[in-house]
């Protein structure tokens, strides 16, 4: 009985501690930021109203449709290319970094550290530093997306490769197969579904992020949104948003469908 | 002929895996290795194809000494030693046929092997092997969709594809139901006779060893304590093999 | 002997396969997908080279700036205290929006999970959330900055909006992963909906909700930095923007990057500890 009381007491105490922590995590930011919640709440409704009133595409906006679709197409092509190339590089890095496919602990450590750093360097920094050297063009957007993807994919690929059971690799080793034969015929076929799935997910993500990257580097769909928005051509900006919504949802649906097929 | 003498393996943590192990095995026979858990059965099997490297002794396959081979030469000798595993270790998204074809990777050039460019003869041979293990109809089925017994038979076909002199089997039937167990053991026995192979099997079940093996090695605490035919496996001998290990066996 | 065994198995759980005629949809899809990606990439590479920029010169200048950033980080216009304060604000923004998002998302996810809500409602919620998610965070922030004025409020609303939509999807999927029997066990005892949620659903999904919330926190931190730069809502992102696009002081950019990296690595360590803790909870 005493044990039972103790159990519930401890549970109660833990619950109180968790609630305290949560309160602290809410109060601390508020103390720094002084958010006016009344203002923010009012803004939610007002924002939608404002969108409905100003962002409705009109006849004039339709004249920009050609340019919007062109930029959207470029953005998709560049996001796909940047992700695909990052995927190839990340795969090579991951082969050198995964415990299952690499026997050099120092290289494993190096790859992990590199991936972790690349993942966490704010892509704003990449975008702006690249913009300074490569100026405002598609290539800058491409490089920015490439650099921000490589860390994520390397880490994801390392984790995927490490899920290949050691025994599967051993089974090929004992046939006398060479390292690259084992990789090509054993390891890659075993993990191709999750690898492709990560690649698709990253393409999807990069197309979403391309708006932001485009704003910072002055390229693609992000750039023309910024242009229309800042010159108060809201109906055209609204058309850009609609185009982004359509593409994002289409890509999300396609990639979900593809991933289902791949997992079979 | 496979001859092992004075083989000794100590693990980095100081545990003695094998102590002065010696025996020899003739072609066209099935050898069962039995003994209590942790006695060193797996260590012994894995030392034979150098998945583990013992620090002393000799492993003589034909006229080739294996224990001290450098990696390159080791790869060449390994082709002659097939291995099948408890968990089959197939590449599950690939077809049964492709898994069998993996057995000839050791003979192929680097590029052809990496890209999976197999010749017509190799494909024909792999299909014949699948038919031999009774899975001709399943050649293009994904390995992952097969049952346990079928997977193990694909594993056997893969090992046979190496055209080996020796097949090592690490607890090949531990994950199988009784019917599949019988199929797999019979298959191994038939292959040993038909292809003049040395089949070496780690087993937990003494009755299977008695039924299928021509030669039994009893291992206890890293030492060979029984080395004879199944007829000599008396209750007394069994008690000796499965005796609690003496403290002295561990360093 | 073998023959009989095999024929008996052939009839058993696996349907007989038509030999030589099995298409493997997964592999075919992989091939087509890889080929399409390669084609698009080649097309992009062929058309991407900028005509007004000498890539050699630009590359050299980029490497030089990387050298300044990573090997010679240094304070510039701003004091270290200012930068640390700005970093703290970005972290605070991420924390606040994640918590707000998680609480609202939990409530909404109850109406989105197919095993809890009626089907039409679940579908409607799902579509609405997909729609909100399809609009990039930065657009929400820009719109709110226009409506309620440039400032923290716009960033809070904008980031929370996207967090809610993201977490509702994640939470609803976690709810759907709870076996129906677990919920039914309490339902048949006559417990009210709220109590079923509290005593059957909540304990089962707690670890997964926690880990999704943490993932979102990492995303929101990245977004807080980005939004500060692109919409000028303050925080470390704003300083990053000013030092690189306004003062061209890449040494300070480097210092800021290192500050952010230090925090991110701390976060990753927390994430690892959290994952270990969660693994024990399950």
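Which chain is which? They are A, B and C, in the order written, and residues in each are numbered from 1.
Just so it is clear, a contact is a pair of C-beta atoms (placed from the backbone, for glycine too) under 8 Å apart; a residue touches a chain by one contact, two chains touch by 3 or more.
Chain identities (UniProt): A = ABC transporter permease subunit; B = Phosphonate ABC transporter ATP-binding protein; C = PhnE/PtxC family ABC transporter permease.
These figures come from a predicted structure and were not determined experimentally.
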Request  = Enumerate, in label order, the chains that touch chain B and chain C alike.
outcome  = A
Message = Can you check which chain pair, A-C or A-B, has more C-beta pairs in contact?
response = A-C
Key: Where chain A and chain B are represented by their mean Cα positions, the distance between them in whole Å   = 46
Query = Any idea how many Å lie between the Cα centroids of chain A and chain C?
reply = 7
Ask   = Which parts of chain B, given as residue numbers and ranges, touch two or more other chains?
value = 93
Note = Among chain C residues, those touching two or more other chains are 26-27
Ask   = Hey, what residues on chain A touch two or more of the other chains?
value = 192-193
Query = What residues of chain A sit close enough to touch chain B in their complex?
reply = 165, 167-168, 170-178, 180-186, 189-190, 192-193
In the complex with chain A, residue positions of chain B that touch it = 49, 51, 75-76, 78-79, 81-83, 85, 87, 89-94, 98, 102-108, 110, 113-116, 155, 158, 161-162
Key: Residues of chain A that touch chain C when the two form their complex   = 22, 25-26, 28-30, 32-36, 39-40, 42-44, 46-47, 50-51, 77-78, 80-81, 84-85, 116-117, 119-125, 128-135, 137-139, 142, 192-193, 196, 199-200, 208-209, 211-212, 215-216, 225, 229, 241, 244-245, 248-249, 252, 258, 261-264
Key: Complex interface listing, chain C residues touching chain A   = 25-27, 29-30, 33-34, 37-38, 40-41, 43-45, 48-50, 52-53, 55, 58-59, 61-62, 65-66, 69, 88-89, 91-93, 95-96, 99, 130-131, 133-140, 142-144, 146-148, 152-154, 156-157, 222, 225-226, 229-230, 237, 240-241, 244-245, 248, 250, 253, 256-257, 260-261, 264-265, 268
Task = Provide the residue numbers of chain C that touch chain B in the complex, in ascending order.
result = 1-3, 5-6, 8-10, 12-14, 16-17, 19-22, 24, 26-27
